[in-house]
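Sharing a structure below in structure tokens format, with a few things to ask.
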Amino acid sequence: MTAQTLDAYGSEVRDAVARTRDVVAALHAELPRWGLVVWTAGNVSQRVVVDPAAGPGPDDLLVIKPSGVTYDDLTAAAMVVCDLDGGLVDGEGSPSSDTAAHAYVYRHMPRVGGVVHTHSTYATAWAARGEEVPCVLTMMADEFGGPIPVGPFALIGDDSIGRGIVETLQGSRSPAVLMRNHGPFTIGKDARAAVKAAVMAEEVARTVHVARQLGEPLAIAQSDVDSLYERYQNVYGQA
Amino acid sequence: MTAQTLDAYGSEVRDAVARTRDVVAALHAELPRWGLVVWTAGNVSQRVVVDPAAGPGPDDLLVIKPSGVTYDDLTAAAMVVCDLDGGLVDGEGSPSSDTAAHAYVYRHMPRVGGVVHTHSTYATAWAARGEEVPCVLTMMADEFGGPIPVGPFALIGDDSIGRGIVETLQGSRSPAVLMRNHGPFTIGKDARAAVKAAVMAEEVARTVHVARQLGEPLAIAQSDVDSLYERYQNVYGQA
Amino acid sequence: MTAQTLDAYGSEVRDAVARTRDVVAALHAELPRWGLVVWTAGNVSQRVVVDPAAGPGPDDLLVIKPSGVTYDDLTAAAMVVCDLDGGLVDGEGSPSSDTAAHAYVYRHMPRVGGVVHTHSTYATAWAARGEEVPCVLTMMADEFGGPIPVGPFALIGDDSIGRGIVETLQGSRSPAVLMRNHGPFTIGKDARAAVKAAVMAEEVARTVHVARQLGEPLAIAQSDVDSLYERYQNVYGQA
Amino acid sequence: MTAQTLDAYGSEVRDAVARTRDVVAALHAELPRWGLVVWTAGNVSQRVVVDPAAGPGPDDLLVIKPSGVTYDDLTAAAMVVCDLDGGLVDGEGSPSSDTAAHAYVYRHMPRVGGVVHTHSTYATAWAARGEEVPCVLTMMADEFGGPIPVGPFALIGDDSIGRGIVETLQGSRSPAVLMRNHGPFTIGKDARAAVKAAVMAEEVARTVHVARQLGEPLAIAQSDVDSLYERYQNVYGQA
């Protein structure tokens, strides 16, 4: 099944695929490191972008984890390349069974360059109750700009999950959605940003859970949420 | 106590025993890695199969952890070989005190090739209340096909534990049973599959516990549980 | 942006800055080690002291973490030097966005030589409810001499956070304050002491949380709290 | 302060001290490994026994952790030797501030060869409520033979803690006592057995806590507790 159709692409695309495989393989190590996954659960993907300044083009590809492979075996070479309909383009294994959902997001959200899915414990627990995580922490205002919303229940196998993700996130500042009875999906400008959102989603889901175990967290005024979000998105980090 | 009767077997059996010792020793490292055991608790066994295509024969053996030995010292050589009545066949130590339960399962469930036992925290907590884990997560529908059932209270020392495991699992899709006041036992086609079931049983026991701490998880329709289970058992992973 | 104005200081100050960079870089590793931070959250700073016997002078500087950098990349060279108004003096990156709060503490609490900020889960959960951690453990009496107090809600961007920390801690034995809806800030005679206070604040916040989940912890008499605190501050550790 | 009076002992005693220092230093690493301690909290001690067959003599010594030293620095050479009144006999540092409690236990329980003290989270949470851990798990029946009892509130500085430990454990099968508002102390025939008891005490304190969060654990009949305890103490492990 190796190298089915990647030869049909030019050398710039093939170079970009190689770089993306390195990035996606390395970022998978962050999921067990931060306790977001067990065994073979979870996956990271990134859109293949030839020229970051130009942004995505009509020939977009994505790189994603192979299905059912353990985190010890996730080398760059093991990463799988698919087109944005989820069809296999290059790789020795079957793509993650969540590939259709990732591909749907890339097709419908052109500014999204990375997608992550986990079953991290606390985020999934909120998802099991179908309850959004309320924005009661300054770090949540910073990162999510409000609550983490809940998406619909959706079966795997067609576009239902992808559509649920896109419809929920298009009306939200949050880069994370809790798919009902399932778990979080997160997005970002690239895979690294989506991994960060997955880490932070579990962190705030856990902290708000713990806070609520012994009472009600205090609300943060909407104007304060807004000003924290504005500042963090524009000032934090290195220029 | 070394090599009591293994010489009585042919070289194919002895080779299969050596391979099985390697596998079982390596898989023990997964139990502390995923936080399922402390100190010397827990054990993994695998049926010795000479020809995987032919399946188990009348001379079946099993390889299991020695009793009371720490995870740092679990080399392949330290693994103990027993017959399916739990009698010691080869090894320098006493077999795990749970060997009789493992052997009972192999005797009565011919398609089972691996058994794991732990006292993992959340699964054992459900077992202490004698309460099954309800199937409210898509990953539970995938892996367990329904709730994780509870087995009876049983004392160690005769066939009670083994019988409780077999009677509970024979009527269930679940590869895991929560023995009352005791902890989970899991089964699989080989030890690796049984270890995966032990990891996933703790994962879903924890996540559903956390979900229920702040309310009631939403139910998943039985038809959706069925279709998730069907798909996962037949499609997921590498061909 | 490298070495803007550090050349204006004498060699003793430059040597002290180099030593402080080593200390602050090494202490950052303690935050993920003890599970207090994820991703790039949290920061440690230390006042630059030329002569520890003489204490802080009018030319004080502080060394702090750069903004938005991961814990893997926190070398001594990456640490940033600021004056006590938070202005950048030396370093290749932007200082932590919490620098103004650290600087305010150093300006108003001359005996404080180290400040730490985290969003550690349990301490932040108490902060989300605006609830102090009651002193019901002998280790809390030892380290905190009473409850861990709550500071006001304050937005980042001016002196509000720093003022909230100082006003809360000046009337307390505790080296830790839980800033409302935000997280803990801790102080100490140097950065190591402030890191210890951050570790212990999370430890007691977690233990008292767990205790209260199943009932009410027993109170410790104030006179016993006082005698434990006195003894620990004066006798514990190496002379 | 090095080698004050150890020269007064014969070479057999000095050899036994050296062996005990190695054992006690190595066992300290188990406390952070199993998550029982943070920073410098917790301590392990072992009685110095020249001839294990003969048992303790009138000149008994103990080896214990120095006070306020981090786990990274706990070499064999750093371990401190005291007499059974807690007086320093050999070592470069001050002995643990809990030495008087350890020494009291050795003086009054001649068959105890090891003592461990931690502030492990769940055991300490039960201690904060002054509530014993009920015996609702077969592993608790195995290891503790019944509930883990609570000892009195006691201030550090005289024999109160030691007396509380001894009075509570003399009437119990349990090798662990939860000192009120303080934390667990455990005993064993040597330091390794006491460390195991500390690990298991936290394990069962956590599991029973989790079980009780969502309902009442099922009781185990006293006769079943008795038979599990008998069997485990006499059959488990290697001969």
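Just so it is clear, A, B, C and D label the chains in written order, and each chain counts residues from 1 on its own.
Operating definition for what follows: a residue touches a chain if its C-beta (ideal position, glycine included) is under 8 Å from a C-beta of that chain, and two chains touch if they have at least 3 such contacts.
Chain labels with UniProt names: A, B, C, D = L-ribulose-5-phosphate 4-epimerase.
Predicted, not measured: the structure shown is a model, and the values here were computed from it.
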item: Turning angle required so that subunit B lies on subunit D, C-alpha fit (0 to 180°, nearest 5); value: 90
item: Intercentroid distance (Cα basis), subunit D paired with subunit C, Å; value: 33
item: Whole-Å gap separating subunit A and subunit D, where each centre is the average of the chain's CA atoms; value: 47
item: Shared-contact residues (touching 2 or more other chains) in subunit D; value: 213
item: Category of the chain touch graph - line, ring, star, complete, other; value: ring
item: Chain pairs that touch, as defined at the top of this document; value: A-B, A-C, B-D, C-D
item: Parts of subunit A lying in touch with subunit C, wherever the complex brings them together; value: 34, 136-139, 196, 199-200, 203, 206-208, 210-211, 213-218, 220, 224, 227-228, 231, 235-239
item: List of subunit B residues in touch with subunit D within their complex; value: 38-41, 66-69, 93-94, 97, 119, 121-122, 124-126, 128-131, 153, 155-157, 180-183, 209, 212-213
